[in-house]
Each structure stands twice: as C-alpha cells, then as structure tokens.
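Each of the next two complexes has chain A plus one more chain, namely chain B in the first and chain C in the second.
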Partner chain A sequence: MKIDNDLLCKLENLAALQIAKDKRAGVIEQLSEIVAFVENLNELDLDLQEPTFTILAGGTPLRKDIPSTDLHVRDTILEHAPKRDNGYFVVPKIIE
Partner chain B sequence: MITLQEALSLPKEDILHIRRELKKKIVEQKELGAYVEQLRDLPISEYGEGIPIAIKDNIQVQNWNVTCGSKILQGYIAPYNATVIDKLLASGLAPFGRTNMDEFAMGSSTETSIYGKTCNPHNFKRVPGGSSGGSAAAVASGLAIAALGSDTGGSIRQPAAFCGCVGLKPTYGKVSRYGLGAYSSSLDQIGPITQNVQDASILYDIIAGYEPKDSTSLNALHVSTADKLDNQKKQTIAVIENYLQEASEPVRIAMENAIKALKDAGHTIIYKNLTNSKYDIATYYVIAAAEASANLSRYDGVRYGFRAEGANLKDMFVKTRSEGFGEEVKRRILLGTFVLSSGYYDAYYIKAQKARHLIKSQFEEILSIADVIFAPVTPSTAFEFGAKSDPLEMYLQDIYTISVNLAGLPAISLPIGKDINKLPIGAQFIGPAYGEQAILDAAASLEKILK
Partner chain C sequence: MFEVVIGLEVHAQLNTKTKIFCSCPTSFGDEPNTNVCSVCLGLPGALPVLNAEAVKKAIAFGRAINACVHEKSIFNRKNYFYPDLPKGYQISQFEIPIVEGGEIILDFEDGSTKRIGVTRAHLEEDAGKNVHQGTFSQVDLNRAGTPLLEIVSEPDMRSGDEAVRYLKKLHAILRYLDISDANMQEGSFRCDVNISIRPKGDTKLYTRAEIKNINSFRFVQKAIEYEITRQTNAWEDGVYAQEVVQETRLYDVEKNETRSMRSKEDSAEYRYFPDPDLLPVVIAKEMLEEASIIPELPDAKKARFVSEFGIKNYDASVITSSVEMAHFFESMLDAGADAKMSVTWLSVELLARLKDGLSIATSPVDAQKLAMLVMRISDGTISGKAAKEVLDHLMQDAISVDNAIEKLGLKQVSDDGAILEIIDAIINANSNKVTEYKAGKEKLFGFFVGQTMKESKGTANPAKVNELLKQRLG
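Coming up: the complex of A and B.
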C-alpha cells in the first residue's frame, strides 16, 4: 500500500490537520514505510482469531447514567479557556 | 538518595527538610532537564507537604499546568486530581515536580517534548529513554525519591532500563487511568519508577485498586504486595530465547549472567520462544495510532489549551491542531486515521485486533507452565541524541516491551549490569494478569543476588 498525496489530503481532512508544504514528501514517505511494515501482519494466519479485543474478561461493565456536575471543574476550565464569555466558550462565527 | 521505604518512617520535619534540599538540587542540576521546571526555569510545582514524588507531565494534579509535553496544552490548568494523585496524598505522599516526556507519550527517547531534551544521568550525550524519560532521569540522578510514569508500549520499563532504575508496569485495570492524559486507552497504565524493587512494590500498593471513574478498572480488592515481598521464593522462569539471541552483545551477556545467577539461586530456568517481535510492533502501531487518533480529536482549541486564530471554525480547528501538535503526534494521528478509514479498516485495524489475540494467547501458553517470563527490555543500551531520526527505527526500540501492553500483563524492569561505557542494562520479568507479586518476588530475588 502506497500512501500518495491524494490519500494524505483525505487523511488530513478527516483528522483536521494540515502537513506543511515542505514536510509533505517526508510524511508520505514515512507513512508508506510504516504501513509497509504493518503489512507484515499478512504473514500470520489469523482466520481463527476473534476480530474484537478486550483486555478485561467479560468486557467493560455498563453503569447507570447518573448526571454528575463538579462546579469546580467547570469553573476552572472556563476560567482558563482560550476565549470565553459569561459561562460560554467563544468560537469564530459559524453562520454569517 | 533516601528510599521511599525509609522516607515513610520519617517525621514531618525531616520530610520538609528533604523537600527543601531537593528543590536546591533540582535548580543546581538543571542541565539534566528531568523536570519541566528545570527546562523552563520555573519553581518546582507542589501540592501538599508529603513525601515528594515526581509526576510525569500527563497525570492531572489540581491547579498544575499539566501539558503532556505538548504545545497544544499550553495554558491548560488541571481542574482535578488523577485518582493516583489522591491515593498518594491519602498515604502521606505528595506530587512534586512535573517530569519531562515525549509529547503525548509518543516516543522512546523524550526527544519529542516541546520543552527540550532530558539527559541520561549516566552520560549527558545519551537519551534517558522514553516516554517517561524525565521520571527515570530524576530518580536515577537522585533528584527524586520515586516517580510516577505511564507505560503504553514500554514507556516506564525502557527509560528505567536506560537510566538504571526499577520500573513497574501494572496489569491493565489494576491502576486507575482516571486523570491520565489518554494516548492509547486499551494499552495505557500508570506505574512507579523507583530506586529499588521494594519501593516499586510500596508505591504500586499505594496507587493500585478499584475505582469506578475508570470503566476499565478491575473491580476487586487490591491485595498488598510490599508486606509479602519474598526474595527467597523459588520460581519457574521462562527465558525468551529468540529475544535473547536478537539482542546486542552487551545486553545478551548481561542477560546470560543474570540467568546463571537465577539458576544458582535455586530458580528453575526453562527456554521458550515467542513469535518474531516484528508482528508485535506492527500490531501495536495500528492499535495505538487508531486509539490516539480518536483520543486526540478532543484537542480543537475550543475549551482548553492552545488556540490558533482562524477565519472560521474549521480553519481554527485545523490551524490549532497543525500548530499545536508536533511531528510525531501528527504522524500517528494520520496513521490512526488511515487504519480506521473506510476501505482500510478490515485490512489493518481488524487484522491487528486479531493479531492481538494471538500475542496474548502465546503469553498465556508460556505462563501456564512458568511462573514468570524473563526477557531483555531494550535491544541495546541508551543511544545518543538524534541517533534514531527515522520513525520506524525508533519504533523498533520497543520490540521487547510492546507485547506486554498488547496482552495487558504486568512487567517489571530492573538493572542487571552495565556495558563497557558504564551505561545501565535492564531486564524484565513478565507475569500473568494480576501476577504482580510473582514478578516483584522474582525481581527482588535477582536484585539481591546481583548486589
């Protein structure tokens, strides 16, 4: 599997990231090298293995959906947020 | 440096004195760069007045600027304590200083930190290992009594090996991850980095136990290990022969000496093989990158940390993340996005999950006939700064540590010798799930023989 510029553009879009112009060739080469290494897995016979994995026997437990609000957490986060106003986070205008 | 065991018996005035002395030494030896405060000329971060424990920069301490070694978390103030921090405080210990780390724990040398480099205390031209390089360097240089780190693919054991200290990666689910900056949630565990095995056992007992805020926390009473630590217990130890043969000569020789010493001390040695470690690396980089790409999607510049200005919301997201994350973090997010994306998911992600089953079952097979496994921690001793500039070459540093995380098992790294350049060599004992006592006993036995 070769990563090319089109695929990189698609991944950047999905990940909300942009690789600088002068770094693109290097990133494409490194990702291709890593993906080629990952393809070593094709040598293993994995047909009989389960496709999902959990470390915990029985999987993660479910719990009751009980609301919990720690005002201190809310206030500390808001106080140090990049931009805030009156208990809200401020972001660039979404609708013109 | 006084041990944690000794510190626990001291009166409060003596602890306050140790804290003052430590602060002085941390400033005097700031070229080491073990603490973020040393690299940034800041006063040491404190919380309470207990026995000082150095804390990796990805564990939440209330009101500390906890940043995972990243630009994107500059300005973030932790609003609460991680569970492990509350547990330290409840036992008379206290977080003291933020230790340097690879950005978001993605690295094996602590070179990807935004704060600059941490030196190996044994040779300042060499890396301390990573990602918990600051924690290991602080303990090894006498600038910390003990430290907490986190281990996703070897990030406690490898720096402990490079710096010549003891590092314990607990069984997945034994220590709450609540308050740990998430990298790969199915692999991450917090654990101690200490001067000796006894201290690792003590600190592990303090931080372990069920906690409902981490849904993967094991719901069982913690059985203490430190009071039962037995360096005379004879065990069946499985040596991974193919790992031994692949390792560099100094590591192999030190391992062979340790194996002979274990045998002479009455342990039963058997030899086993594990599948070529290239499959472990391949599996790990798919799973860890996939989970990282999901975990790190929270960093968008809206609620905390760094924000870059953008023309609109999407532009702000992209600029914030592109400027805020370093190269290695971006690479892993892109790789994780790739293996989870439509068209590639089955061929990469599902395949890696299947391989993970295979890796786990191989360990289970060996541990059904042996009490513990004995293996190298690193292929070589600490390398020089800049020596591993190719990402894949850096990933291959983790060949002996990564499978333990994939299988969720406990492992402890301890020093077993030095190479001709006086650089420490480490080895690890790997145990069955929740078998911390067995690996601590084995490590205590080897530590005593080698003294």
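Coming up: the complex of A and C.
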C-alpha cells in the first residue's frame, strides 16, 4: 500500500487532524514504514485458517427478553446534559 | 433502450420486548428518553448483553427465505459521529452476518414467478431519533438499541413494480413469522432503494444512487420512476457522468422528486472492527432447532388453499398477501363457511367496505360474523343481493347477522305456500298476459318473475319462484 499526499489528506479529514506543511513528508515516510512492517504478515499462508476474531473461547452470553427500567437514569443523565428541553437532549442544529 | 437495476435494503425492527443489548423496553411513542439505561446511552464501562429473542427471530427469517444461518457470526463496530448515536459507533455485523444467501419469490398475476436473491440479513442496533427544530435539534434515545434486521437484496429487480412486489412479499414474510410489526408509517419497516440504469444487454453495473427512507409502497414506486427518468435523461443529454454520481438522495413526497442529500464520495470511513465487548454469536444446536420451527408462510399457504379448496391461483395470492387476511379467511372456514364464497365475501365485499382507516384487523365485521353471513346465503335464508345490504348494515351496527336480517326484513321466502300466494295474485291480475304467454309469447316469463320478486320485495328465493311459476303457467 502506497501512502501519498492524497491518502494523507483523506486520513487528515477522517481523523480531524491537520498535519503542518513542513511535517508532511516525514509523516508520509513514517506511515509508509508502519504499513510496510505490517505487510510482513502477508508472508504467512493462512488459507486454511479460520479468521480469529477473538482470542477468548466460547460465544457471547445471551439474555432473556424481559424488560426492566430504571427511571433514575433518565433524570440523572438529563440533569448532567449541557442542554435539555422537555425530556430531550438538545444539540446544535444537525441538518442544513 | 435502458435496463433498470434495483437492489433494496430493508431495516426491519424486530418485535422483541427489550432492546438488542440491554433490558430497556422497545415500546413506540413513549415520553422521550424514558426507555434508556447506561448501555444504550453509551455510558463508559457499560457492557452489551445480547438478547436471545433477537437471535431467534433472525434465525426464523433465515429459515423462511431458504438461507444459510451461520452458527457463528460476528458483531462489529461501525464508527460514525452523529448525536443520535451516543457511543459514537453502531453495533452491527460486517464480515459474518447471521443470515446469508437466501431468496424471495415474486408472484405475478399471470401465474409466473421471479426469484430475487437475498445477499444477507444481519443484526444491528437502531439509532435514536432527532427532532429538528429551527436553530437546534432534540435527541430522543428511546429507539437507540432497538434490534434491527437489515435485509439486503441482490440487484435483481428490473422495475419499480418488481421492487414493490419484493417489498410486499418481504413484508408478508416478516408478519407471518411475527418477528416484526413491519409498519412503514411507524418506521418499523424502512426501505432504501439502490438504483442504476444501463444499456440493455450490458452486464456491468453503472453508478447507483441510493434513495433513503421512503415510507410507503406507493412512494417507493414513484421515487423509482422519478429516478429512472432522471438518470435516463442525463444519459441521453450526455451529462450522465456529471449528474449521476454515487450519492444518497431523499424522496420528496410533496414535489414527487428525489434530491441529493450528501455525496458519498467523501463519505466517512466506518472503520469496521470486531466489537471487543461482544464475543462471537454462537448458536447452540437446541436454539437453532427451536427457532427453525416456523409457521406456514404465504407461498405454502397459497399452494394449500389452491389444492385443498380449489381456489384460483390469483385469489389465493390475494387472500395470503397479508397474515391478517389469511387468518381471517381461515377463521371463516373454521366457523363453517364455504371456501369459495368466503374468498369473494372477504376479498371483494368486505375489503371494499373497509374505508376511513379501517383494516382487516379493526373491521367491525369479524371472521365469525362474515362466516355467518356466508352461511345464511348457503342455507337459502337470504339472497346474495340481500347479503350485501346486511353487510352494509353490519358495518354500522354491531348486531348479530340474524338480527340484522330480521331488522332489514330480508329473510328470503323459500316457503312454497307464501310464494304461490303472490304468484296467484299476479296471475289473476294479469290474465291477458297469461293468455299471451300460453299462446307462445315466452318472453313474458321474465315479466312474471320480475313481478313476483317485486311483490316479495326481493325476499323470494329466485330458484323457487322460477320453479313454481313454471308449474302454475304450465
């Protein structure tokens, strides 16, 4: 995988970061080195291996479908919200 | 000439009592932020625990569409930032969904069918709801964490009509299984349409637009038609590349058009990764077996109605198109009504009278009553014509069928003596016509039938009238 300026721009955008002009070349070099290092893994032949999603054994525990509510949670959480109105959380306008 | 390529994504809310990863109730329309807890609010340290019922419902769906149910599937985090998602990520499934590779069969009026592939169906959590006010937005997290089954089709549909048929069939399957309320208006059945065009004969897929959140079958059809025209025009005008881009579009009901919502080109990278808070979903054998026992589905029910009762194919698909209607029909048969007559009285007469928001489920005339009405026609108590009047009355007045017949005076007279009395009076009053008839003017027979029916105010059994008139006029 090649890290170039376009990809760096995309990463900046996704990470909400800005890399200073004089540091860009260095960052590209470092990122390339990291990716190259990870690519060592591709030397392994894993065709016959099941992908490992977790190193823990067994499946996730399941819960019975029985409702319960804790009304205090609502009051506490709303009380700590920066802004609230009629039981709603209030946030800055999120559509144009 | 162009061909249209349509794929559909449906988000169906599963009708569990509690949310997918916590015990908060899933009820609709409660006060804002009342059904919330540390898990669905995304408070630090709170851990999700999977609802067994959501898993079972997903398995049942997999069985219903003839799909592979993975005994091991994975939950992932889909990361994005929006106020309706307190954790900053949605728990969904990515690499291994619970259900993969199924099919839904579409039926057409001429009896033909078409197979639509279902790529996958995966479990995920719903987000909260935003209410947009002028300068700010309100957030209600009651819905956050409600279990969703996202059902993704192959791009196998070639017209708006096929897309709507697919949705209706899918809707019926969810309702038959009773795994979702699948109410489009309430948002428990949400549909996104992926649509592109290509020159006929071409096999490559061109740029698709995604139309989001369409809340009725009719609007799905209209939105698709609009989008086909937009893309075709752009192609023909030579501006396809500029005008048709991969993006999300919104259907505007008022203006009947689709509009760009946001471009997908720069869309966020979701950074999917296995959720470390949740181990793989491993379905135990007993659970798989239990959840695989599913009720009779529309296709099987339809085939049975055709073979068992001799109902026409198309009628059977109308009767089985919704679970409410199928159950209504079956209750009528249980009550003793004739199958073919029940089809007509349910699918034609009752449906035509269900107006002003009434549905099969809320019909003032229930299956037992309609069955009784049909039985009263069968046993000759009332004529078919009178039965329509009785039904009209029963829609307004919650009395029994027999009381309505009595009240309206529509009881059919099958008693020979009473009919003969009328016939004799008419013969006496029209002796010249009797002479003409006997002299060979056979058309006059109709006159005598008409007079007798009129005199009896339509209550005389027409077959009896015919028989007795023939006797008398010899």
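The rule is short, and it goes like this: the second predicted complex is superposed on the first by the 57 of 96 C-alpha atoms of A that agree within 3 Å, B and C clash if a C-alpha of one lies under 4 Å from a C-alpha of the other, contacts with A are read in each partner's own complex, and residues count from 1 in each chain.
By our rule, a residue touches a chain if its C-beta (ideal position, glycine included) is under 8 Å from a C-beta of that chain, and two chains touch if they have at least 3 such contacts.
What you are looking at is a predicted structure, and each value in this text was computed from that prediction instead of being measured.
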{"item": "Chain B versus chain C as contact partner of A:51, first or second or both or neither", "value": "both"}
{"item": "First (chain B), second (chain C), both or neither touched by A:5", "value": "neither"}
{"item": "Which superposed partner A:92 touches (first chain B, second chain C, both, neither)", "value": "both"}
{"item": "Touching partner for A:66 - first (chain B), second (chain C), both, neither", "value": "second"}
{"item": "First, second, both or neither for A:19, with chain B first and chain C second", "value": "first"}
{"item": "Touched partner set for A:41, first chain B, second chain C, both or neither", "value": "first"}
{"item": "Chain touching more of chain A, residue-wise (chain B, chain C)", "value": "B"}
{"item": "Where chain A meets both chain C and chain B, residue numbers", "value": "10, 14, 51, 53-54, 56, 60-61, 63, 70, 73, 77, 83, 89, 91-94"}
{"item": "Chain A-touching residues of chain C, taken from the complex the two chains share", "value": "16-18, 23-25, 31-38, 41, 43, 49-55, 72, 74-75, 82-83, 95, 130-141, 266, 268-269, 274, 276, 278-283"}
{"item": "Parts of chain B lying in touch with chain A, wherever the complex brings them together", "value": "63, 75-77, 79-80, 172-173, 186, 212, 215-216, 218-219, 275, 278-279, 281-283, 285-286, 293, 297, 300-307, 310-319, 321-322, 325, 327, 330-331, 333-335, 337-339, 341, 344, 348, 350-358, 390-392, 395, 408"}
{"item": "Contact set on chain A toward chain B in their complex", "value": "1, 3, 7-8, 10-12, 14-20, 23, 27, 30-31, 33-35, 37-44, 46, 49-56, 60-61, 63, 70, 72-73, 76-77, 79-83, 89, 91-94"}
{"item": "Footprint of chain C on chain A - complex, ascending", "value": "10, 13-14, 51, 53-54, 56, 58-71, 73-74, 77-78, 83, 85-95"}
